[in-house]
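Note that the chains take the letters A, B, C and D in the order they are written out, and that residue 1 is the start of every chain.
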Amino acid sequence: MAILIDRTSRVICQGITGKNGTFHSLACKEYGTNMVGGVTPGKEGATVDGIPVFNTVWKAVQETGADVSLIFIPAAHAKDPILEAVDAGIRLIVCITEGIPPLDTAQALHVVRQEGRLMVGPNTPGVISPPEKCKVGIMPGYIHKPGHVGVISRSGTLTYEVVDQLTRNGVGQSTCLGLGGDPVVGLSFIDCLKMFRDDPETELVVLIGEIGGSAEEQAAQFIKAEFNKPVAAYIAGRLAPPGKRMGHAGAIIDGGSGTAQGKIEALTDAGVTVIENLTQVGSVVREMLK
Amino acid sequence: MAILIDRTSRVICQGITGKNGTFHSLACKEYGTNMVGGVTPGKEGATVDGIPVFNTVWKAVQETGADVSLIFIPAAHAKDPILEAVDAGIRLIVCITEGIPPLDTAQALHVVRQEGRLMVGPNTPGVISPPEKCKVGIMPGYIHKPGHVGVISRSGTLTYEVVDQLTRNGVGQSTCLGLGGDPVVGLSFIDCLKMFRDDPETELVVLIGEIGGSAEEQAAQFIKAEFNKPVAAYIAGRLAPPGKRMGHAGAIIDGGSGTAQGKIEALTDAGVTVIENLTQVGSVVREMLK
Amino acid sequence: MNLHEYQAKELLAQKKVAIPRGSVCYDPLEALIAARQLKSEKVVLKAQVHSGGRGKAGGVAVLSLDDDVRGKAAEILGKRLVTNQTGPQGKPVSALLVEEVVPIDQEIYLGVILDRGSGRVTIMASPEGGMEIETLAKEAPDKIFTVPVHPLTGLTAYQARGLAYSLSSNKGIASQLTHVITALYQIFVGYDCTLAEINPLIVSRDKVLALDAKVNVDDNGLFRHPEMERWRDRSQEDPVELAARKDELSYIKLDGNIGCIVNGAGLAMATLDLISLHGGSPANFLDVGGGASEQGVADAMNILLDDNRVRVVFINIFGGILRCDVLARGVIKAFRGRGVELPVIARIEGTNLEEGHKLFRESGLPIDMVSSLDEAAKRVVERAQSA
Amino acid sequence: MNLHEYQAKELLAQKKVAIPRGSVCYDPLEALIAARQLKSEKVVLKAQVHSGGRGKAGGVAVLSLDDDVRGKAAEILGKRLVTNQTGPQGKPVSALLVEEVVPIDQEIYLGVILDRGSGRVTIMASPEGGMEIETLAKEAPDKIFTVPVHPLTGLTAYQARGLAYSLSSNKGIASQLTHVITALYQIFVGYDCTLAEINPLIVSRDKVLALDAKVNVDDNGLFRHPEMERWRDRSQEDPVELAARKDELSYIKLDGNIGCIVNGAGLAMATLDLISLHGGSPANFLDVGGGASEQGVADAMNILLDDNRVRVVFINIFGGILRCDVLARGVIKAFRGRGVELPVIARIEGTNLEEGHKLFRESGLPIDMVSSLDEAAKRVVERAQSA
């Protein structure tokens, strides 16, 4: 078991014939993901290493029964394919694209939520469930190990770093996902915590936050009130100066709010084990599981 | 009992300080309607014959607990007050305004439905429930009589004509309403038939249709399959030439569809008593009730 | 308000939809010059009238340059075109569209309407166009694709693209079709249309062109598009209907001899039906509206007094806001101003009924007051037949 | 990208929002002439810098015409303005806005942001403006009104009107406020802003004017507004940060002496934290991105080599798409091109690790490979302290 995706997930890639789309579709397939199709308008009939390509998501869903879509469309045009996926009945959208104007994301996300679908990202490394051998994203698969720790992050490589530590410490993962580094993203910490709470295979959750916004503070409130599994957390950006975007569009301290210190305090107050030294996340979690 | 409105309805009028707004608000009040307020931006604090005026619907609802709104706003600006009423929590909107561009109506109506509210009209005479002494519209109240016949129409004066006949034949009404003469309107025949079906005080329904669209044909299908009370119908426009708008924006025969003959056949086929001579509606219904 | 083909095509061209080369001509010599300038092997002359079915009615001619272009143009321009949609009186040909003839590889139907039931703008298309959508709906309903547009989101790129690929699997063609679909939708929404249609939309080698187009603008939306007024072709409309609209009356000419004045569109339609049921034939539909003024009633009455087909006038008013005394004053005003004698049967209900009756009685005009609607209708028919 | 006050006001003026009369000046004489032309009893000189808190920092001066306008203008124009937001190095004053001083009857706060939690553009307003929204939120939270805007419908007239009446019960004022609210929203949405703010928006007798305004444009939306580039004021940005952005690197200058190269923003932030945890002080944040090229890495390395504060370079890469050999080649390329000797501690994980190590070893450069991240961070801090 895992959250969001599993071995029954039928995954398509929107933008499959682009450089990144092809590379990562094949990497997902190699990891074990059931890549059933791809979409590039005008390329229907072609295949990408055996994966059939369709003109529209609607056709792809009709022909393959896909329920998950991995999106690699340039930022300037990324709103439309999200809407297309929703309209075609896709249940879970994983939008890798970075740099989508936030107003576009907000509009697309409104429709996603209105129709009762899920979106991870944008600007996310994606989702991976090692026990299910299913990866819908760009993370290196080999650092993961099947197990019982859920990982939720707002970051990419920082998540790999943490996962790598977990694996080196013998701690496997149930599902790992990046929520996305943008100010407005689909699934939130709370959404994922709810799923992990209901997932019997997940024993502990690692939450990787960063400066900007108040998603971590809200997660802390939720954990305090409604979450019954142990949580470890790491928050990046204690040294970030105010008013500067730290790489991620969403990582900015605005008018004194969104600081790492505030998040750390809120999480600590909620009973979360906040780890100050990044390099100790793996070992601390190993101890917590004992 | 009645449908849509009753003596507990708390009604406001948007556009109450305009000529028609004032005239009809007072006429409704005189009939017995609980007119609790009105809205005209910039006139908060004023009263119209004792009815308090507010700047916004939100304020009016907050102060008066209104749940029904009667709209008299010129067509060019009528979309916004409908959205405002929805946002403020109004349950039933009765939009009298004629001449709203249909694309505006369609947008407003989408929001009305999305939020689970009801709209009668636009381009409607409104709703009246004689047993409840409640009138939200512009129909002359004195021709009505409390009773057990529901009247649904796409017209205004034609409805008065029919109601007047019913009353002269000793047949009272539970609720009478005009759906509106525009191509796109809120409540449909079917919506109202469902309510009349569930209203124990309504024994028979009079349906007054006209050329254009297929609302009557759809009503016929519904009646045949799911309606268990007697229905009498009159369809106007047998003489209408194709391609001409017969006064109502919605009354037009397009490409051979929407003819009176087609509607009459569909209703007759559904077991509805279709009355050919308008002047006999009252007497036929009186006989049907025996 | 309806547009001519050439006007609809101008809107399309503004949106960069390809149309055949051509120009609008108003006299035969102009048409000949236009045809020669096209340097096309064949040209087509198309009568510009507000009606479909022009081809069968002789309003369209395909000619080679050896043919007598000028003569044919003169013939069409001189016609009143009688199609299956115009009625027997036909419509004058306002202008001639002279266009190159292009080879056709595929004919597509593309139309945009506002669907009443769903309240959504809906795009309809078929890869087998060229005939009317009603015919298509009967003959090949499975070949009609419909795309309902979300009222708030508007047409999305994927919807236009998806529809395009269902019309053609060729990427280059589908890409042009996507553009045409988007453009037609934008015209529909941008001008508050009741219909925007390209039929046929053709594929000609590697190009997509709008061969014929029809755009009707909703009168209720016209206030947002005052620039459209320059395109109104009064020659295509009945002058009495036009004048009535100016007076805010809703008037439609019919074929009979009983003049009708009614308040409310539904009651007005029902009044026509009632006349017909009793064997009579109405000369018109005329709705004075719910709250007509004395002048409005007088204007309406004058329209009937001007109509020399009218043998008797039927006034059927169920007064709500319209007071009976106001009605009576309007009718009397119109009569007094003309000195005409035309029998009137008046059936009046509503506010200030007594005063209305009194005014009529004292006027000395030939106005017959009947309180029963059925009786009134019967008497109107009798009077019309005996007149 | 941030705009200056005068630029934000120009956008407002384009939307017919009233602003005080005034003009932008670039030298003291120009300021004097501008002040005299205003024919206002008092004028205000406002330093144009990308920072709030200008008043307290001496960037704003109210003068009467008897005062030495030219001297004061020279003083401000010559400054580097140090506010509570600029850091100790301050910002150069790009220009001076010379404006009339208008009487103030009410100060209103009005701001538009995109709320992260709800994903909705949200308008915030308070009838008691003049201070920052954060201060308002603390001191009078019940006086802040927020209006979330539906993502598809956009701001509706009734929302703008409703907010306006909650700021003023005067019809004339509320009607102007409705317009200003709508205009500010349109600017926010029309230019993909992260913030559009008028503070204070003042009521001056019967008029509403934008006294100060702030507009920040989202870098991710800039491609839709190429016309905004003309307004970019490079003097307000760090030249190294600007150059880095051109190379598609994300660089932010910090105060320390340890140069950092990391891939991924989160890991880059975490690396700074780790350095600090071990007592060190980073000279910068630098994210080369997930899929940097050899040249991208070389560009990043060059930025650090150019920075004479840097004592040691810390490379922390968790390679996913970025291959270790590509990284090594980029670093070596930068060193070779310069002939500089600067100690490097490299902690590298990921694809082609062995080849990367080999390239480093064979390069003969002072590159210390450490496989433990914690160990690497400690060593970096030691080297920086001993250097």
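Keep in mind that, in the parts below, contacts are C-beta pairs under 8 Å (C-beta built on N, C-alpha and C of every residue); 3 or more make two chains touch, one makes a residue touch a chain.
Nothing here was measured: the structure is a model prediction, and the numbers come from that model.
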{"item": "Joint neighbours of subunit B and subunit A, given as chain labels", "value": "C, D"}
{"item": "Taking each chain's C-alpha mean as its centre, the one farthest from subunit B", "value": "D"}
{"item": "Selected pair, greater C-beta contact count between A-D and A-C", "value": "A-D"}
{"item": "Inter-centroid spacing, subunit D versus subunit B (mean Cα positions, whole Å)", "value": "56"}
{"item": "Euclidean distance of C-alpha centroids - subunit A vs subunit D, Å", "value": "28"}
{"item": "Subunit C and subunit D: spacing of chain centres that average the CA atoms, whole Å", "value": "58"}
{"item": "Where subunit A touches two or more other chains at once, by residue number", "value": "107, 111"}
{"item": "Residue numbers of subunit C (touch at least two other chains)", "value": "152-153"}
{"item": "Graph class of chain-chain contacts, one of line, ring, star, complete, other", "value": "other"}
{"item": "Contacting chain pairs - touch in the sense defined above", "value": "A-C, A-D, B-C, B-D, C-D"}
{"item": "Parts of subunit C lying in touch with subunit A, wherever the complex brings them together", "value": "153, 156-159, 161-162, 165, 169, 171, 174-175"}
{"item": "For the subunit D and subunit C complex, residues of the former touching the latter", "value": "150, 152-153"}
{"item": "Residue ranges of subunit C in contact with subunit B within the complex", "value": "85, 87, 114, 116-117, 119-121, 132-134, 150-152, 189, 192, 194, 218-221, 223-224, 250, 252, 254, 262-270, 272-274, 276-277, 282, 285, 287, 290, 318-321, 349-351, 372-374, 377"}
{"item": "Touching residues on subunit A, where the partner in the complex is subunit D", "value": "75-76, 99-103, 105-107, 109-111, 125, 138-140, 153-161, 164, 181, 183-184, 208, 210-211, 213-215, 218, 234, 236-251, 255-257, 260, 276-280"}
{"item": "Interface residues, subunit A side, partner subunit C - complex", "value": "41-44, 55-58, 77, 80-81, 83-84, 87, 107, 111"}
